[in-house]
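Each chain carries a letter (A, B, C, D and E) given by its place in the written order, and its residues are counted from 1.
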Amino acid sequence: GNQQTNEETTKSEGSSSETTETVDVKIGMLKLTSSAPLFIALEKGFFEEQGINATETWFEAAQPIAVATAGGSVDVGATGITASIYNMVSGGQKLWIVADKGREQQGFSSSALLVPADSPVTSVEDLKGKKIGITQTGSTFHYMAGRLLENHGLTISDVDLVPLNSIPGLMDSLKSKQVDAVILNEPNISTVVSEGYGKVITQVGDEIEYQTSGVFFSPKFAENKDVAVRFMKAYAKATQYYYDAVLIKEDGEIVPGENYDEVINIIAKYTDQDPELIKKGLPYMDRDGRLLESDIQTQIDWYAKEKLIESEIDAKEIVNTEFLEEALEN
Amino acid sequence: MSESKKIIKNKVAFLDRKIPRYASVLGITVLLLLWETICRMNLVPPLFLPAPTAILSDGWDLMASGELMNHITASLTRIVGGYAIGATVGIIIGLILGFSRWADAIFTPVVYSIYPIPKIALLPLIILWLGIGEMPKVAIIALGVFFPVLINTFSGVKSVDQTLIKAAVTFGSSHFNVIRKVILPGALPTIFAGLKLAAGTALLLLVSAEMIAAQYGIGAMVLHYGNLMITTKLMFGVMILSLLGLLFNRGLHWLENKLIPWK
Amino acid sequence: MSESKKIIKNKVAFLDRKIPRYASVLGITVLLLLWETICRMNLVPPLFLPAPTAILSDGWDLMASGELMNHITASLTRIVGGYAIGATVGIIIGLILGFSRWADAIFTPVVYSIYPIPKIALLPLIILWLGIGEMPKVAIIALGVFFPVLINTFSGVKSVDQTLIKAAVTFGSSHFNVIRKVILPGALPTIFAGLKLAAGTALLLLVSAEMIAAQYGIGAMVLHYGNLMITTKLMFGVMILSLLGLLFNRGLHWLENKLIPWK
Amino acid sequence: MRIVVENVDKKFVDNNKREVTALENINFTINEEEIVVLVGPSGCGKSTLLNIVGGLLSPTNGQVYFEGTNDIEPNLGIVFQEIALFPWRTVFENVIYGLEERGVPKKEREEKGKYYIDMVGLTGFENAYPKQLSGGMKQRAGIARALCIEPHLLLMDEPFSALDAQTRTIMQEELLTIWNRTRLSTLYVTHNIQEAVYLGDRVIVLSRHPGKIKSIINIDLPKIGRDSEQYRDQFEKYADEIWGLIRHDAQEALKEA
Amino acid sequence: MRIVVENVDKKFVDNNKREVTALENINFTINEEEIVVLVGPSGCGKSTLLNIVGGLLSPTNGQVYFEGTNDIEPNLGIVFQEIALFPWRTVFENVIYGLEERGVPKKEREEKGKYYIDMVGLTGFENAYPKQLSGGMKQRAGIARALCIEPHLLLMDEPFSALDAQTRTIMQEELLTIWNRTRLSTLYVTHNIQEAVYLGDRVIVLSRHPGKIKSIINIDLPKIGRDSEQYRDQFEKYADEIWGLIRHDAQEALKEA
């Protein structure tokens, strides 16, 4: 088709809609920083360039997004990859993980294991027999805790995992020392450290590579390959924009890119948060939005080993990179 | 005849013994003073048992900062919404089951097999269906209110004095009028008993619903300060909850007296 | 005199209309079949509403693997322990408040001001005091059981027919015997009503206590499978809970019939 | 207009699924302006029979009908033993209930209500709820409610049995005074033999197991003033006769739990 | 042994904190083997007086005492209107309750229990719980319980008022038969004037507001057989006299809610 190839074009002048009809796409997501590429694409009109009329549906929890995507109430979902998603797929609710939306990566602060500031614990090994706070069973926090422990020769059964149900709950419990350690993410880590009641034992990204969250397509949306590829084009353009603005490193230090302030402000606008806070919690993601495909199978295997998913599935049943690859091709 | 004489004395005088009025005021006052003294003397760490005055002063701060208002508004919205929905649906279904013998025969066993489920256990299911926004919180309260109201409405309708129904029919009432003029007012007191029972349940479920992912709300506040181990504010939250419970009950009582003047 | 004649017909025959026995069995059967069919036809995703057969087959797996037994044992220990403690203390304090007018005057206001607090709100406080092990879970159940039992015991003692007390005194009973032979048996039915009420509360609090930091227990299991979106097992857990509630109630009913044969 | 009870049988099925014959072969008529009293021991079927006549129970066999209605729709007024006032209605609202249900206009309802409330001596208590009344006053309101629809047959099932002896005596007198003004055909059920002889034109004595008519006794005394000195002997003879018919049955009834 | 009621007054404080005089200046005695009946309209203080005599209420002034006790500890047996059987005790256990509390040995309890259960005609129902009995049978058990302690004074507060008229008649007869065997001094409260004349050696008529003794009437008829033909006129005269004394008060009482 008569597709725009000029990446520099900002606002659509209507030329693209001459031959490509506009399609409505519903995106379900949370008001979290990790949805940044979607915010950028929305704000900068990348979707319109592709003839996509995107409307956002805000959710308050991760789980319903996956459910809504699988059920087709939204076409595209963006959220964390939890055990519940694998269970959903193995239970016959198909959905596709199609792109990266944030991961744990060495050298980039995202999630970490923290202990109270005056805790005698200095390493993961010291946590044997202690209480570790996580949000919920089967959550990404659960997974990270488990993998961290295993990296240090322990297993989940060597500690007490305490589900505290919410991030504030985790922070509160750390503050009052009701638990001996917690997993937390940015910008909350910065908050805890700067308020002085907790210290970081290890960064998750330094220990494991982990595809934390992703972009999902509903099975119905995936059937319309043309639109799906067009959506991916816009998304990839946004991840590149994001990467170039906030994730470029020079000498191991992140340096603000060209559009740094613009991206920060877009995120701040969509998440109703203070830009300064946003700056502390920018998750790593692939410049092209490519998934860490191999990690998905690792996750499935781990969850299955811990009996957190019903029946083991093949990563191929849930990962689909065709759309992104095709979008990146031309 | 001998002149020995035996006066009959009151053997149950102990039943009428009166306790001075001040005793009940005394009890609660002494308790509060004792509590305060124990705290002032540092016999227990304030973390575990803060002094009443400390609770009130921290409570005052919460009020002054407007934080309390936010919590109360959030909780009230949920509880009023959930209660209204649960009670309305409960009364309607209860009336239907009460009036229609077929509906009764078919659905009552179903109701009675769902009834003993502690409603909190449905929370995960409801979160699954409705997410973690306001909807599931309101829904769980509505569900908790629904059952006692339904069962009371149903048994209220069933227990309306048959003689009154016979009297109404004798004096020419149509079936519709029997329902409207006899069964409904006759069931009202029992329905109100159900509404009162449900008020306690609603408050309980409010707290547990707010313990899962709520930013505002008295339940969330209590959990928050519990996690932070700020006992004064935690206890103030508990106090507010008991006050809320009391108010709720009073309100229903008032409504009952308005609606059922003949009792 | 005219020979016109007007037969008097039964105007309340509708009150005696009978519904065939099979209706109630029918209702629940049809419902289950409908449910199963809807699931089989994939009208709703099994994730949201798994088929009854799926629930049972997954339930069977849980049982076979012994996991269920672990959960049930954990929950039963907590609930039986908490119930026993709460009920015993509740009955004892209730009797004391009922017998002693001074204790009544002094402590009843205190009891009634704590009563409307939804017990779940005390969970954070109890966690603060007792940590997050078994103790706080048992304690919250005991607390939830304590109040309805206490209040029923108290009002049971207070509502014993005064004439019976007078009769006993007339026939020569000492105060001690009045308590033992009249007030205690007279209060027993009300005490049992309290025990039954408390059974529901205990189950509810069990679930909420287990939702905070428990590894085993039916409540923990329900939350666990809820988080993992394994709806079949979640629903099986809910089923087990309702069964537990039913059993608990039956047990108390049986005990009541044993202890109160005169009712 | 006469009321005819014709070959009425009534069988119940009790809790043990056994068939119990409550009434067997009951035949009698109630003539215009006549008070017929049913007496009999506990459980002989008095209430059952009254309920059948009142259209609150179907007979197993036989029928009950108005004769000579001239195509008027006949009315029944019932005074219940349990009084059965609607607790949520005031005395006035209770009394006019029947008129309300018949769609009588408001003005007429108020007039008639007032008239009958006055007749039973409850003026001043129009706006009281039943719970505010004593037992005797409640039953007066119940009577006013039944009279208010100006029925062709008045049915009363032990209306005074819950009242104390003195109140009962006073109410019996008042009932006769009211009857004198309204002259309603009445079927009256009682346990009390004095009351039966005092009120009835005819007394029907029922026997137990099954309830059959043992005897029908005509009371040949003037309607008003039967308790006066001059009729005392006759009065007591009737009472003794009836007591003789019932006594054995009553003693049996006492032994049933 | 005589029972003397001397200058008894009783004042209550009602809900509005006003003082209400229930009894004023009550004086009478109950002689050995005498049945004294209290009659009066509702609310005249009959129950209050009986309770004072029974030691269940303190008089505001005056006193009640046994005279000529010869240092025996006198016993009271009360039959309550509400029957007041212990629901959790069988008939037998109820009847021997007084003996149990007096520490009477088991053997004697069983003998006496049997004897009095037989006297009231309840043999065969020893192991029944009260709820399994009819109203009449319950009251018989209540009477047996009071008799079983062989009291020096038997107090009965409208024992039969909840029973139906026929059962009541039968129970009155039985009570006299029992009295004939036990010859207990008795204070009997009733609303029913026929009953008063039928049972009483003396009938004390109380007036209302405050309760005062209006008249004490000696019934000069043989204790047994008062309802026979030959005493009918005298019987009715006593009844009419008492009714004349009460009537106005009773009509007033009816108007109080």
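Rule of thumb we're sticking to: contacts are C-beta pairs under 8 Å (C-beta built on N, C-alpha and C of every residue); 3 or more make two chains touch, one makes a residue touch a chain.
Not measured: the values here are computed from a predicted model.
Participant: Specify the chain most distant from chain E by Cα centroid.
Facilitator: Following the centroid criterion, the farthest chain would be A.
Participant: Go ahead and note the Å separation of the Cα centroids belonging to chain B and chain D.
Facilitator: Distance between chain centres: 46 Å.
Participant: What's the distance between the Cα centroids of chain D and chain E, rounded to whole Å?
Facilitator: 32
Participant: Taking the mean of the CA coordinates per chain, how far is chain A from chain C in Å?
Facilitator: The separation of the two C-alpha centroids amounts to 44 Å.
Participant: Using Cα averages as centroids, what's the distance between chain A and chain D in whole Å?
Facilitator: 84
Participant: Tell me, which residues of chain B touch at least two other chains?
Facilitator: Expected reply: 11-12, 127-128, 166, 169-170, 211, 223, 227, 229.
Participant: Using the touch definition from the top, which residues of chain D touch two or more other chains?
Facilitator: 54-56, 76
Participant: Using the touch rule from the top of the page, what residues of chain A touch 2 or more other chains?
Facilitator: 63, 67, 164, 178
Participant: Pairwise, which chains touch?
Facilitator: A-B, A-C, B-C, B-D, B-E, C-D, C-E, D-E
Participant: Can you name the residues of chain B that touch chain E in the complex?
Facilitator: Spelled out, the residues of chain B in touch with chain E are 1-13.
Participant: Any idea which chain B residues touch chain C in the complex?
Facilitator: For this pair, the touching residues of chain B are 11-12, 14-15, 17, 19, 23-24, 26-28, 30-31, 47-48, 101-102, 104-110, 113-114, 116-125, 127-129, 162, 165-166, 169-170, 175, 200, 203-204, 206-208, 211, 218-219, 222-223, 225-227, 229, 231, 234-235, 237-238, 241-242, 245-246, 249.
Participant: How about chain C: which of its residues touch chain E in the complex?
Facilitator: By the definition above, chain C touches chain E via 161, 163-164, 166-174, 177, 181-182, 185-186, 188, 260-263.
Participant: Please output the residues of chain E touching chain C within their complex, sorted ascending.
Facilitator: 54-56, 76-78, 80, 82, 84, 86-89, 97-98, 101-102, 129-131, 145, 149
Participant: In their shared complex, at which residues does chain A touch chain C?
Facilitator: 63, 67, 70-71, 83-85, 87-88, 91-93, 131, 136-139, 160, 162-164, 178, 308-310
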